[in-house]
Amino acid sequence: MRRRARTVTLVAALLASTVTACSSANDLIIYSGRNEQLVGALLDQLEDAVGIDVEVRYGGSGEMAAQLLEEGQGTEADVFFSQDAGALGAVGAQGRLAELPADVLGMVPQNYQARDKRWVATSARARVIAYDPRVVEESALPKTIEEVVDPKWKGKVGYAPTNGSWQAFVTSVRVLKGEDFAKDWLKKFAANEPKRFDNNINILKAVDDGQLPFGLINHYYWYASAAEKGAANMKAKLHRVGGGDPLSLVNVAGVGVIQGSNQSEAAQKAVRFLLSEQAQRHFADVTAEYPANPGVKSSKHQLPPITDLQAPDIDLSKLSSLQETVKLLQEAGLS
Amino acid sequence: MSGLTVKRLVAGYGGDPVLREVDFEVPEGGLLAVLGPSGCGKTTLLRVLAGFHPVSSGEVWLGGKQLTAEVPPEQRGIGIVPQEGALFPHLTVAGNVGFGLRRGDRAARVEELLELVGLAGFGARMPGELSGGQAQRVALARALAPRPGVVLLDEPFSALDAGLREELRADVRATLKAAGATALLVTHDQEEALGIADHVVVLRDGAVAQFARPQTIYASPADLGVALFVGEAVTFAGVARSGLVSTPLGELRTSGDGPGTVLLRPEQLIIGAAGVPSAVDDVLFHGHDATVLLRLADGTQVRSRVQGKISVRAGDSVSVSVDGPALFFGDTP
Amino acid sequence: MLPLAYLAVRSFERGGGVVWDVLARTRTAELALRSLSLAVAVTAACLVLGVLSAWLVVRSDLPGRRVFGVLLVLPLAVPSYVAGFTWISVAPDLTGFAGAFVVLTLVSYPYVLLPVAAALRTADPAVEEVARSLGRTGRQVFFSVTLRQIRPAALAGGLLVALYVLSDFGAVSLMRYEAFTLGIYTSYRATFDRTPAAVLGLVLVVLAIALTVGERRARGVVAHRGRRQPLTVSLGRARMPALAGAVSLILLTLGVPVVSLVWWLVEGTSTFSVTDVLATTGNTVAVSAFGALLTLLLALPVGILAARHQGRLVRGVELAGFAGHALPGITVGLALVFFGIRFAPALYQTMPMLAFAYAVLFLPLAVGAVRTGVAHAPPVLEEVSRSLGHGRFTTGLRVTVPLAAPGILAGTALVFLTCAKELPATLLLRPTGMDTLATELWTRTEVAAYAAAAPYAAVLLVVAAIPAVLLDRFLGGER
């Protein structure tokens, strides 16, 4: 009898705890595919900016896109904040994102927003070459993707095959240059005996330690390391290829307002906040990403403005046909 | 408490029925033994009565109420005492006995029953701490506690040793009588069936071979098969004519006519001064009595049961006579 | 059943042609084959490790076997992605099939150890004594009698391992072994297309059903329990090697993650807050307990029926449960998103819904344990209870459940610790703003904040250790 009473109490307590955890329809609810460690502190400041309570739900961008699509009209989400453009594109393509007002879109360069006006980039990250100036001069480095596979670089290039950015880069090669070119390029790349690494950090470390002439990484790893050691102590330097070459591919994190949100006004305020100087400086300082609002500069890192990146002209929400990319990489023996 | 009536009961597991038109009744407060060899349908009968196995046809009545398939086991008012007791290992003795009781009068009734089975003060023990006989008593108390219409006992003494078995048999009978319970006990042990019950059903191949009082079953078995099953026997082939039959033990009084089998119980063979000569092959001593194996002049071996002091030994020459009439079963053409 | 319905809806919403296209890709068959071969290899290794360690803990005179009994179960608490991470940091060259094989074997062999240990504890020692008396040596008895007695338990555990391997994404993705779940995740993460993911999910369901039916064929009959304590076998000269084996198994399964955790804490620069860790722990315990209780409630009728009857309906329900277990958490999570928001919007993203998701995912763990437990309880006791005036339900509650208690408790504890480390469905269905140890661990490891992640991983191990200790208590010698 006593045992039964205890069980009942336990169940009741559990049920009670669920009720308190319920979020209210009067709150602004944000689905964030960006990691809490990177943006949590920033989103905590959102309540002041939008004037109502804010609830943030964190997850993976791809999974959240799938969740938003499954939820459909019934969703409680008002804002989707995504780590990459592909997830935003998928949700927008199903009509689940609302068009953004012109003044919001006006805060961001045109090539960093959706062509259907349903999302804008909030920050950007670029592919770069990290090189060791003690071994190779910047002028001698590849200026195009074709030059990377020159036999003179045999055994001298580092890459991280499991990294999502590398795979997005290969996808961009396919999209920009065609399947045949991509296949041929990967074949040559593999034949050149590139050095494989687990992640970008280790590539940068190898370059910095003088063990690797150059490697293909994302730009912010260099800034993170420089912030830790002091920029002057960095042996490794960054080389921006530019010229619209896939080697200078830029991917973005971005945000959109959910179609049919009952808090669309607050949601738009949230988007404006993410493009505001305060938030943009946060991205530039904390993550060393390029602010999507070209008017904002990092107070911590020496970042060129986003408009100078000379990124390839590519629909960022198309950087998603990964299955074919994975297959191609496998065929080339690079997975 | 009330009587149990079984009419033309048929049940089985698909294929040939295991119980074929079984009829019997147990009067209120009566104790019936169902006796039969293994595989005769005893267990199926119990399961059918308790409601764990469906009836193919026929009727079961308990206290003027018919127990159809719609009456589930828990509403039948039939208690069971399984083989080896099957006490709930996770409950105390008192918990076991009180299992079928409502909360109100539970404690008092449990005490009453433990006293009835001679285990007063054992309430707090766990089943693992009981001997086999004690476990059986608890199982009986448990079955009796809710005052069932009838109690079914499934080979309740089979796992006990001989001395204990006899003692417990008497105790169980006394307990059932004291409780005024109607009971049905199945067993393959004829001594047990004849010794405990008011009435006995002999079950053979799923059908009732005989339903009578124990004395009747023993003294006037319905057929040779029953006669051989319910007790030791000495048999000869013979032809009966006008109340007499000729056997190696001489002319014997009997009933019947024509060719058949003559059957004597070993206690009818008396070793003494009179009778036909025979040699003692061996003496099997049982304590309270003994069986003497005798070799007759024509070479057949017969058994005699002797009470009291045994005065013969193997190799002795003795005379043997027959006490009372012999049973006779005519050959079926 | 819900996940299956969802997969069917999503698969065929664009017509059968798309389904066929996905199935006809050579890559689909290739991935299926890769996943199956991994499942077979891991299951075989787990059967050997699980049976041997169970025997050592229950039947041998291994020094400190009670402690081993707890430690050997603990790897269950290590999420496969944590095990993967730590192994990569310890042995960077261990990747691909070998890496996935090692990591998955080391985290999932307790699925075999637990049921086999329980079976060894309740097996009738008389059978072994008879075999010895008939002239068999100890070793012969082990192979001819003991193994046969524990076969149903070992196979049931092996099935769980196989299904778990099929459903795992964390370890295989970290070890860069391209398994079937990769196709599913790629579909969600990279192409944002739910149809291929659903079709591939259905293929997993088919594989799971085939495995489950195969296990059922091979399972055999569960022996009723003996009345005496199991015999203890003296290891003799094998004592030291056995001890060394058990210790090295624990070093591999627990030592690697624990050493890595300590290393992260010492080396890392990221920080953590004690109050956050405590609050998250509370959430995790509450939601896992809720999930385990709900799973148990659903598993009891299914498990009891499965043990006592062989009806088609019961088999169907059991089968559907096992099929769900082979699906990755994201698929089950999305299925519940799909149904939850349509049919129970009030419960959507609440604790009950999350607990229900756990029940769908982990029902087989509990059903298997309940079924084994019930099969060990003699049916005659239920009949006695019925004859004493208690209906089916009361009898189940007052007789069957208490008798099967060790098995039921083991199942509940198993579900509890599996809930505690579950990630993908938790991310989708948790109440907005509620964090569990697993989600916090994920958040931090994703951005390589290992030092901040370490305390969460450590607490997760401790939380899971509690049911592991209870498991040993209830299955242990103190009967």
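By written order: A, B and C. Residues from 1 in each chain.
In this section, a residue touches a chain if its C-beta (ideal position, glycine included) is under 8 Å from a C-beta of that chain, and two chains touch if they have at least 3 such contacts.
What you are looking at is a predicted structure, and each value in this text was computed from that prediction instead of being measured.
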- If you tally contacting C-beta pairs, which comes out ahead, A-C or B-C? Let me know. A-C
- Distance-maximising chain from chain B - centres being C-alpha averages: A
- Query: For which chain is the distance between its Cα centroid and the global protein Cα centroid smallest?
  - Reply: C
- With chain centres defined as C-alpha means, what is the inter-centre distance between chain A and chain B in Å? 87
- Approximately how many whole Å separate the CA-defined centres of chain B and chain C? 53
- Express in whole angstrom the distance between the two chain centres, defined as the mean CA positions of chain A and chain C. 35
- Task: Would you mind writing out the residues of chain A in touch with chain C in their complex?
- Result: 10-11, 14-15, 17-18, 21-23, 29, 35-38, 55-63, 65-67, 69-72, 74-76, 86-87, 89-91, 162, 167, 198, 201, 320-323, 326-327, 330, 335
- Note on the structure: Interface with chain C, chain B side, in the complex: residues 50-52, 72-80, 82, 86, 88-90, 99-100, 142-143, 145-146, 148, 152
- Message: Could you list, by residue number, the parts of chain C that touch chain A in their complex?
- Response: 27, 88, 92, 176, 178, 183, 185-194, 197, 286, 289-290, 293, 330, 333-334, 337-338, 341-342, 345, 348-352, 424, 427-428, 431-434, 439, 443-444, 446-449, 452
- Inside the complex, what are the residues of chain C that reach chain B? 378, 380-381, 383-391, 395, 398-399, 402-403, 405
